[in-house]
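Dropping the structures in below, format is structure tokens.
The following pair of complexes shares a single chain, chain A, combined with chain B in the former and chain C in the latter.
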Partner chain A sequence: MATAPAPAALKFTGSKYLVQRLVLATLTGRTIKISQIRSSSHTSPGLAPHEVSFLRLLEAITNGSQIEFSYTGTTVVYKPGLITGSAAGYGAQGGVIRHELSAECRRGVSYFLVPLCLLAPFSKAQVNVIFTGPGVITSSTELGDISADTVRTAILPSFRSFGIENNLELRILRRSNSGRDGRGGGGEVQLVFGHQVRLPKTIHLMNAGRVKRIRGVAYSTGVAGANNARLIEAARGVLNEFSPDIYVFSDVSSAPFVPAPSKDNPAAKKKIGLGFGLSLVAETNTNMLYSADITSPPAGGEAPEELGKKCAYQLLEAVEQGGCVGAVAAPTMLTLMALGSEDVGRIAMSKDVLGSEQVVQLARDLRAFGFSGWGLRDGDEEDEVVVSVVGRGVGNVGRKIT
Partner chain B sequence: MAVTLGKRKRYVESREDEAEVDLDAEARALFQRAFEAKFNALEKPVVISQPEVEEDDSEELDGESEGSDWGGLSDGGDVAVQVIDHGISSGPANEMTRDELRAFMSSKPPSAAKVVKSSKLPANPKTADNDDDEGEAGNLKHDLALQRLLKESHLLDASTFSGPSAAPEGKSRLKALDLRLKDLGAKKDASEQVKMPLSHRRGIVAKATSREASRRKNATENGIILEKAKSTFKAPAKRERAVAVPSVGKFRGGTLKLSERDVKSIEGPKKRAGGKGRRR
Partner chain C sequence: TAAAHGRRQPYRVAELARLMYDDMMSTAEVLKQWRGEDDGKDNVTLEGEQDDELFRKRREVEDDVDDRTIAKHDYAALEAKWRDTDNIESLRQRFASTRVSGANGE
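And then the complex of A and B:
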């Protein structure tokens, strides 16, 4: 097959938004070169363990990707391949890819889940990945990752408006908070993303509606279940005034028991990832979702009552911001809109969400990858902007061939 | 409390009025008792509201110092304390259905679970409005039942209707089944016995033929015209013969025996050879 000479690699710098750029590169098939990754750091220059892990994950679900590191790990060249998902013969055993996260991982599992969910609709076969190992943190983290529960209850439902809704599952097989000094977990999460599409549907979300119900999950791993009750009580104390329909589930589980070999006892095991947390989701009558997440700090020292209240206030803040998409799901939605068919999709967003660093950077990165710019105009509500995104019709390359 | 209040003032005013009010109160009490006997007890005495209004009237009328301080007291006692606690959940809105609970905590995204639920819901109305569908299917069913009844009515007798359904039972069921099979193209009765001693078979056949013969005889004697008798003649099947054997006669013990018939068949129709010759 004679191909046109590949366009020159897109060049980026810095470790921020690495995942976002890698995902866009994979979706568009453009080669990217990211340099100066923590080059100024003397103690830990180059890629962090979770970033390396994400690159490995990309390699696992694609076919023909080439990844080159520089000697120090401060520069990465990524030449993406086809997204094959968990197709047999590409490293999947029994249709499942097992992805191990190392104990050094500080990020929550949502760091991997959200971009994976973004790639999965455009994969050739279904995506079925189990995250295991001593680095899987299912709770939210202090680095700003959301919990796996929030991914399931706030991010996955937002794929529905793009016509991606069948056979999506996120199984939290074992819960874990972040371990001592925020490192490592020991949880287990399985993502099944079985709905592959040619192109996501064009969406027109203009009406955010009013909050009709609030749901949530309080989880405690390895600590007393009473923490859940206290979290829920405190959160309800704040929220009950605003919504009559609140239900927060309580999930108590024991802490994961992971191997921790030491010199004198190579078969030693230890309990890791103790703590508790709360994930809240508010749903409006037009099925828009706002979410909030909080977790106990690895060092401890915060009462569940305080955390519950904080989480409730976070949720109220997200509701106050309004718009058809919360800050958590906004990058995902906007990326999917950009990938959609060559048609104008519209979404009403809060100015706060639109003006957040991540969304602005996403807009810039999309431009860099050759996507069209966004059109903005004032929305019906105050502090609301209607973002019009013209899709580029990139869609599913794997599906085009077959 | 308020009742007594009203009374006291009316002492000053007039006796007639008091009597009227008393009557009214009594009547109310009676009604209340009757009501309470029939239903549950009332939460608060019904009487209160009425006299209070009158009390105000009386105050306007006389403006006496005696009643004034009482009025203030009763006003103050009427205020109820309302307690609102947001910390405690309440109300029916919190009661989720079991399905809803399970859906939220399942591994699927909650909205998808909802879709499943909603897609399940329309299924029920479908079964509900099956009446329309049933109209079609039901018509067919009734049609079939009627046709069967017409065809098999000769099998019906009193015993058929003893059961809950009019469908034939027992022997007649087997007969009906036989009839249906024949309708579908079966050659023989399913109930016909395949194997039995030859003597029995012969007996049965003989009995059947004699019965048929007697029926025909009776019919002709009484001048009844019957259907044409079926000829039971069967053409004899061709004999299987060995390969290198003459096609006529019997070959036994190295000799071919020809019967007279065989000879005739070989000779064919006799020609009157002499006649021809004479003509010449």
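And then the complex of A and C:
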């Protein structure tokens, strides 16, 4: 279908949903052209540093991708190659790809991790990538990125329903919050995604169940560990009302040192990424997950008590929305469903999660890439919708050719 | 707000199924209409866009706001909401264990 005489490039506009479209292009082998990327911006037209970095990551884990930018960077043409993962010989050393993020990066490392997880099951070899450099932010960010902890505890487990569960690991090797003015960090994370499949299993998730426990990670990086205790106590203060089974892990680490060369001292280093934050995950008795993230703003000025409460409220909202998938993992789940075998998969979702711009746009983008439209009907529970997705059996275009 | 004339009841699943793939509407417009929030149409649409059905076209370039994974929240509103005992009670049924069986003496 997506092979042989190359079909014309799919055309998209704008910087929104850029990553989603690049991922779908890679999975289907379709060439895409994205234009008008921040073309109306006078100060920073074209692709942002994190977007360029994501394209470079795609280049690193594929073989034969072609990427062309226009002079202004407002148009990019991407012709995807095969997803080879960290196979030896394609930029991977010792089976590991090191991907360096520049100090300009404002997005959390989850911005890269989540799409990488979506590509990894369809890779030829396992995916093993270390994110390093002065731009790795492991905490959540004010730009709405989830923390690396939440990727580990709320995104990775959602692959289990699709029969993708072995040898998946996300190691947070060094923590970092966002640097001052939200730019840069000094963290390091390693994603090992070693379960490759031909097609994801067809899922039927109809029962959201009830929340049986709440887990979490509080992190303090380069600041007093007491912040963790205060975050946890505040969150418990809200959540104890609902669940007796709450355990939040406390991780205290020193701030990373990153090179900060100056004229006088080219070997100078500085501390970066100080701060604290909290990641919470609620798990139901049918293994559905809802998550919440909060982090101290780069400029400081918010007490851990306030943030702990906010994170708890955010989690309650997600639990109240309900459904078999939280808003954070919904795009990942729905995309995997579309990639499944030619069978009808079903998932009961919250109306609020389905009725978000991101999910509606995903439905449209999937259709643009030749996937079938979704069927919707009322769910058993109030405020639930059952989304039926027919897989297209194009899970692994790359390996079909080889 | 559901009083908008001829407007059917909001949040209907069939309505969303119909609107979702209507490329003439932006995703924001789809959701507004689905939620029955579009009664204040004139305030929302940009100048020159409400003129005529003929000239209604999809806005190609959305405002270049960065993609968010975590939605923005009004935490003051959330705090008020989750301090309300009625809200707390109704959320309890989404939790497994605890004081369901009326042990809380409500």
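To be clear about the criterion, the second predicted complex is superposed on the first by the 394 of 402 C-alpha atoms of A that agree within 3 Å, B and C clash if a C-alpha of one lies under 4 Å from a C-alpha of the other, contacts with A are read in each partner's own complex, and residues count from 1 in each chain.
Basically, contacts are C-beta pairs under 8 Å (C-beta built on N, C-alpha and C of every residue); 3 or more make two chains touch, one makes a residue touch a chain.
Just so we're clear, the structure is a prediction, and the values are computed from it rather than from any experiment.
After superposition onto chain A, partners chain B and chain C are found to sit side by side with no clash. In the superposed model, A:358 makes contact with chain C only, not with chain B. By the touch criterion defined above, A:233 reaches chain B but does not reach chain C. By the touch criterion defined above, A:144 reaches chain C but does not reach chain B. When the two structures are aligned on the shared chain, A:70 is found in touch with neither chain B nor chain C. Figure note: vertex chain A, arms to chain B and chain C, all at CA centres after fitting on chain A; angle 120 degrees, rounded to a multiple of 10.
In the superposed model, C is the one of chain B and chain C that contacts more residues of chain A.
Of the two partner chains placed around the shared chain by superposition, neither chain B nor chain C is touched by A:102.
Within the superposed three-chain model, A:126 lies out of touch with both chain B and chain C [touch as defined at top].
Look at A:241: by the touch rule set out above, it reaches both chain B and chain C.
In the superposed model, A:372 makes contact with neither chain B nor chain C. For the three-chain overlay built from the shared chain A, the minimum Cα spacing from chain B to chain C equals 10 Å. In the superposition on chain A, the residues of chain A contacted by chain B and by chain C overlap at 241, 244-245.
Interface residues of chain C facing chain A in the complex, by the touch rule stated above, are 11, 13-14, 16-17, 20-21, 23, 27-28, 30-31, 34-35, 60-62, 64-73, 75, 78-79, 81-82, 88, 91-98.
The touching residues of chain A, when paired with chain B in their complex, are 152-153, 156-157, 159-160, 165-166, 168-172, 190, 215, 217, 233, 236-237, 240-241, 244-247, 249, 251, 287.
On the side of chain B, the complex with chain A involves touching residues 86-87, 89, 91, 93-94, 96, 101, 104-105, 107-112, 115.
For chain A in complex with chain C, the touching residues are 13-20, 36-41, 107, 110, 114, 140, 143-146, 209-212, 238, 241-245, 284-285, 293, 309-310, 313-314, 316-317, 319-320, 322, 327-328, 351, 354-358, 360-361, 363-364, 367, 373-378, 383, 385.
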